[in-house]
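In what follows, chain A forms one complex with chain B and a second complex with chain C.
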Partner chain A sequence: MTNTPRSRRLASRLLGSQEGIVFVLAATAFVVFALALPGFATPGNLVSLVRSVSVLGILALGMAIVVIGRGIDVAMIATMVVSVSWAFVIARTGYPLAEALVIGGAFALVAGILIGALIAYGDVPPIFATLAAGSIIYGLGRTFFFTLEMQNVPPGNDWFDFIGKSRVLGVPVTVIAFAVLCALAHFALTSTRFGWQTYAMGSNPNTARTTGVPMRAMVIAHYALSALVAYVAGLILASSASAINARLYNSTMIYDILLVIVLGGIGLNGGAGRIRNVVLGTIFVGILLNGMTILDVPFTIQNLVKGVVLLLAIVFDSLVNPRDEQTSQQGDL
Partner chain B sequence: MKLGQLALAAATALAMAVGLTGASAQDKGLENPRSAAFHSGLEGKKVVFLPLSMGFDLTEGWAARMRNQAKRLNYDFQIRDPAWSTDAGTRALQSLISEKPDLIVAHNPDIQSYARLLAQAQAAGIKVVQINLESNTQTDSYVGADWTEIGEQAALAVVDKCGAGKGKSTKVAIDTGVPTAASDVFQLDGIYRVLKKHPEIQVVSQQATEYNAEKARSIMETVLQQHPDLCAGIGIWDNQDTGTASAIKAAGKSDQVFLVTSGGGNRVGCENVTNGNFSLYISYNVPLQGDLLNQEIARLLLSKSKAGETKTMYFNPLTLITKDNVNQRNCWTLDDIK
Partner chain C sequence: MTDVVEFRDATKAFRGNPAFRNVNLTLRKGEVLALVGENGAGKSTLTKVLAGLYRLTSGELRLEGAPVQFASPAEALRCGVAMVFQETNLIPSMTVAQNIFLGAENFFNRLRGVNIAAQQHLQSLNFPVEPTALVSSLGAAKKQMVEIARAVHHKARIFIFDEPTATLTPEEKQHFFALIGTLKKQDASIIFISHALEEALTIADRIAVLRDGQLIVADDAKNFTRERIVQAMVGRQLTAQLYGGETARRRVRKRGEKVLALENVTMGKAVRGATLSVYAGQITGMFGLVGAGRTEMMKIAAGVLKRDFWHGGRIKLRGEPVRFRVPRQAVERGVAYVTEDRKLDGLFESMRMAQNVFLGRLAMGANPVAYVTMAEARRQSERWLDALNVRAIDKNAKVIELSGGNQQKIVVAKSLIQNPSLIIFDEPTRGVDVGAIAEIHHMIQSLADAGAAVVVISSYLPEILSLSDRILVARQGRIVEEMTVDEATEEKIMYAAVH
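Let's look at the complex of A and B:
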């Protein structure tokens, strides 16, 4: 009896925010799958569950920082595939892979800085700027850097397998990379000036500007960061699948990243959300995908489930974080 | 009678005389009227290739072959690249119908999307060759793999390895591409035709990878978690199945899981046979398909019959590549055939 108020308070806290609801949904899905599918809750499967979404999670980290600062970067996939593919092409012409990878990283960085400058100095709404930048980057890559979309990891570089294929103490390096990047991003957002200013820009850009936040430099930093994160994710992806395919640019991957962000409870209005939201969204998507693969659910139904879940999350996002004159902005999603 | 004989002799003499002059003319060869007609019949014609997308081994290989022939025979060869967008491909096809080239080489994203437009193109007098992926409409010609046969071959190989008492289990996983493409629907039919006769084979997973290697990898990783005793995998395309293979390798089960896949016979696919990633690689031989395509293009451009009047097709032979016959002859690179 004495427990009732406390549990009621807990229930209202859980169901009062989107994060709480997704947490409850994820926990429910986990329990249901664990009970219904014999092979689901085994350590091996749980590791492969997290591993299968950690590249998505890493991309979502980059996206989260941009979104919290009231932007959006839909050019991430283009940056990822073009920079990594180009690095592989350079390596195949005779350069050592390590040098080629530095060049690929530099390309990603420059692309991110240019996108940021376009938004910061050109005042172009982020959604349009990055949408256009994505097709420019992809077009440049396909026209000048490589003919074939599919680039295998150049042979003779076994060390490159380490980041995508090996395990440390039984945990895949991919998962460790995701964890480390989560910790770094969490530290940057909560304990540095960069993080505080990012939240300030996101919750109220005008106030942030008048209180002295270097808006333009910050915007450029956000997009440079998301481009670099995309590059790292691309390297892990290429290492684990032994190849990178530029066609990912045409896939639904960018929407999957937004699915993770929105599901996790990072409002697209900016200024709100933490890294734990990214982790929550990533794990929830992972549970759904893994469970549906084990159940052998047909492709079209999987897409249907993903679409319905995203729609529900967005509807809930707009109910929990209602738009008003103060929070809406031009080019807002 | 005598008169007749005389006439005959005169005729013979005349014939010999003509023959002699003829012989002296033969020193400089004979003009072959058919050669001239062949070249003039093709010159200035316009051929347009509408691939799924440029930028991968199959379409780049065919395009290289077709471009070579166009250059040799002086006709115009163009590519409209819809970059994997069925929408953009449909629009390209619509504008081609009003542009009226002499021939369209179409590579169908699925069996429905272009079907009606291809019929319209033929009605507008444009000849249509379909390459490797069919639509529901049969056109002037189809050149390419018989996907049913590929499915049967893959399934037969799997039955051979995983039939009752042969492998670690009788479990098989199938990785498909896009559920509506000809390569999927016909190949699955071929696979299940064979498996119906072998009810002991158990299909434990059938998932679409959208031709994405990373997705194929994570699906196979999950399947191996559920079925550590998996005996075989059937993949639908070598480009995606590098991912399937790397999941099998990561699980340390390369010796246990027999992986069959198919593709154009590019060196990259063959490398995966050499290093043990693919157990069996069914190649539909892109350079050969390119040559067959060229032959069909020339035949149709020269033919007097109207578009859509006679419909032919040719399913080209397949090469089953294993570690024993992975060699220069069976594998190609783009530079080789350019």
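Let's look at the complex of A and C:
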């Protein structure tokens, strides 16, 4: 009897935030799958579960930084496929792969800076700027840089396989990369001037401007960072699959990134959320996808389930944490 | 004449702070009633209750003898009350005819039919407006006509105008007065809020003066003179207890170096050739009524707004010409602007107190990867939070959970931590409790004593008089009067500020 208040407090903490709700959902899904599916709770499957979503998680890290600063970057996938594909094309013309990768990275960086400049100086709403930039980048890439959809990793570069295919102490390098990038992003957001000013911009851009935050430089930095993160994610993806497929641009990947962000509890209004929300969202999506794959659920049904879960999380959140007029007014997409 | 509208013991309070209280006021059929008073006297709130935007906290509102409570402006309009706002409520991308019929459309609308009906309606009112013109292409006066036409079309009998002449040219004003005459002939009742006392004296049948939320006097216009109105607007006893005496026994600070000079600064229609100077070591008070451009002048000086590129005038900071494109440049040069609207651009509401204050400090540096911790933020902000006596139960409280007074102190602390040499306070005590007012005033005084150049913009005369060493009065985008606090009286300032 004595621990009733404590358990009640725990329950209200868990259900009192979207983060908690998603945590409960993820745990429930985990337990259900573990009990129902014999192969689910094995160490091998759990490692492959995390590995399968780490690219998504890395992309979500880049997106999280932009979204916390009250922006959105839907050009990430375009930047990712074009910069990596171009690097491979250059490498195949005779350059060493390492040099070609630097050029690819530089392309991603320039693309990010240009998008940021468009938003910072041109006052274009981020959703439109990045939507347009995404199709421009993809169009440019397919027209001038490469024609084949599928770009294989240039042969004779075994070291490149390391990041996507090998393991250190039994842990896939991909997962380690995700963990390291999470740690870096967490440090940047919580313990640097950059991070604090990012939260400030998301919390109230007008105040940030009046206070003297260098808004334009910050916006450009956000999009440059997310483009670089997209490039890194693309490299890992290409390494593990031995190729990069430009068609990813037309897939639902960008929505999956947003799914991870929103499910994890990073509000699209900006100024809220932490890296642990990205991790939580990534793992939840991973559990769902992995479980459904073992169950052999068709791809279209999987998408349907993702959509329903997202909707439920949002509806449940707004029932448990009703927003007043003022918070819902500011900065909806 | 019969009473159309009657306020009986009407009180409206926001979170316990009354905007007006115990007001007894009537509006008769076919009369023009002018409501005058200082900013914040409660005029707008009073009329907004009648227009259905707010509900009374206590007391009652009677419409033709029957008590009413409007749930929405639409309901008020159905009962015949229409409000014409300062910023018009029309939809700019639609035509005049569509706007007139807005909210009264049939299920199927024929554009031609609507245009013809609108044309007839406009002609019957004698308004020279083309029904097919887009509202966005019209001038201020014609927009007003459309709004009135819409109200008449909705069979309104009571019209409320909030500062109707503020945006009009003299010629348009004449047109507007003729229009009021037309409405009067049709037995409509009109309330209009104005800062232009001459207008009130010439076109109103009766004048009601509000001060600090109370109805001071309501009488026939012929019994008023300009002087009597001004006196009724400013004369106070209650507030004298809070601010009284300070002016008399205070020494006036000597002016130091000239820190800021605006020369002929122009920005659109809000600021039209403003010239002023601010000196170190003293407090410069700025008074003006709504639309005088005080805030805009100072926002230009702080880089929040940009003056016109061509013929925008000159700004000098310590004798050196400057043109700030963003506030950051001003902040780096030691200029801080403490906003009048802390919700809009003063606070990071979702962040903690220490974070808010420390972000002001962070904005000073350039290295983006500089290491920052919460402990550091607490340590650095503590000094300013203590100096301003911020009282919160929980040191980790988010700013949104604090009271208005504490929130304002956070905004002030966020600017002070930047160690500015020119600091501009825009309405520093708006929505702040009495205790916090005293503490913020004390801080402002000690900043000037320490040698900073301080500007205080306020719509509240006792505040201006008790704080400033030197007073500037703004009107229509210019500084029209400069005086020392010794020669200033409330009447003198108000006289300069009204048209």
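Keep in mind that, in the parts below, the second predicted complex is superposed on the first by the 314 of 333 C-alpha atoms of A that agree within 3 Å, B and C clash if a C-alpha of one lies under 4 Å from a C-alpha of the other, contacts with A are read in each partner's own complex, and residues count from 1 in each chain.
The criterion applied here is as follows: contacts are C-beta pairs under 8 Å (C-beta built on N, C-alpha and C of every residue); 3 or more make two chains touch, one makes a residue touch a chain.
None of the values given here were measured: they were computed from a predicted structure.
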Side-by-side fit of chain B and chain C on chain A, or clash: fit
A:Ala243 touches, of chain B and chain C: first, second, both or neither? first
First, second, both or neither for A:Ser48, with chain B first and chain C second: first
Touching partner for A:Phe316 - first (chain B), second (chain C), both, neither: neither
First (chain B), second (chain C), both or neither touched by A:Asn204: second
Computed vertex angle (chain A) for partners chain B and chain C, CA, steps of 10°: 130
Touching partner for A:Gly212 - first (chain B), second (chain C), both, neither: second
Which superposed partner A:Ser191 touches (first chain B, second chain C, both, neither): second
Which partner, chain B or chain C, touches more chain A residues: B
Shortest CA-CA distance in Å separating chain B from chain C in the superposed model: 32
Residue ranges of chain C touching chain A (in the complex, touch as defined): 302, 304, 326-328, 330-332, 337, 339, 343-351, 355, 358-360, 362-365, 367-373, 414, 418
Footprint of chain C on chain A - complex, ascending: 188, 191-197, 199-200, 203-204, 206-216, 221, 271-272, 326
Chain B partner contacts - residues on chain A that touch it in the complex: 39, 42, 44-45, 48-49, 51-52, 55, 142, 147-150, 152, 155, 165, 237, 240-243, 245-248, 250-251, 289-290, 293-294, 296, 298-300
Touch list for chain B against partner chain A, complex: 53-57, 60, 83-85, 176, 179, 204-208, 210-214, 216-219, 221-223, 225-226, 239, 242-243, 245-246, 250, 268, 271, 334
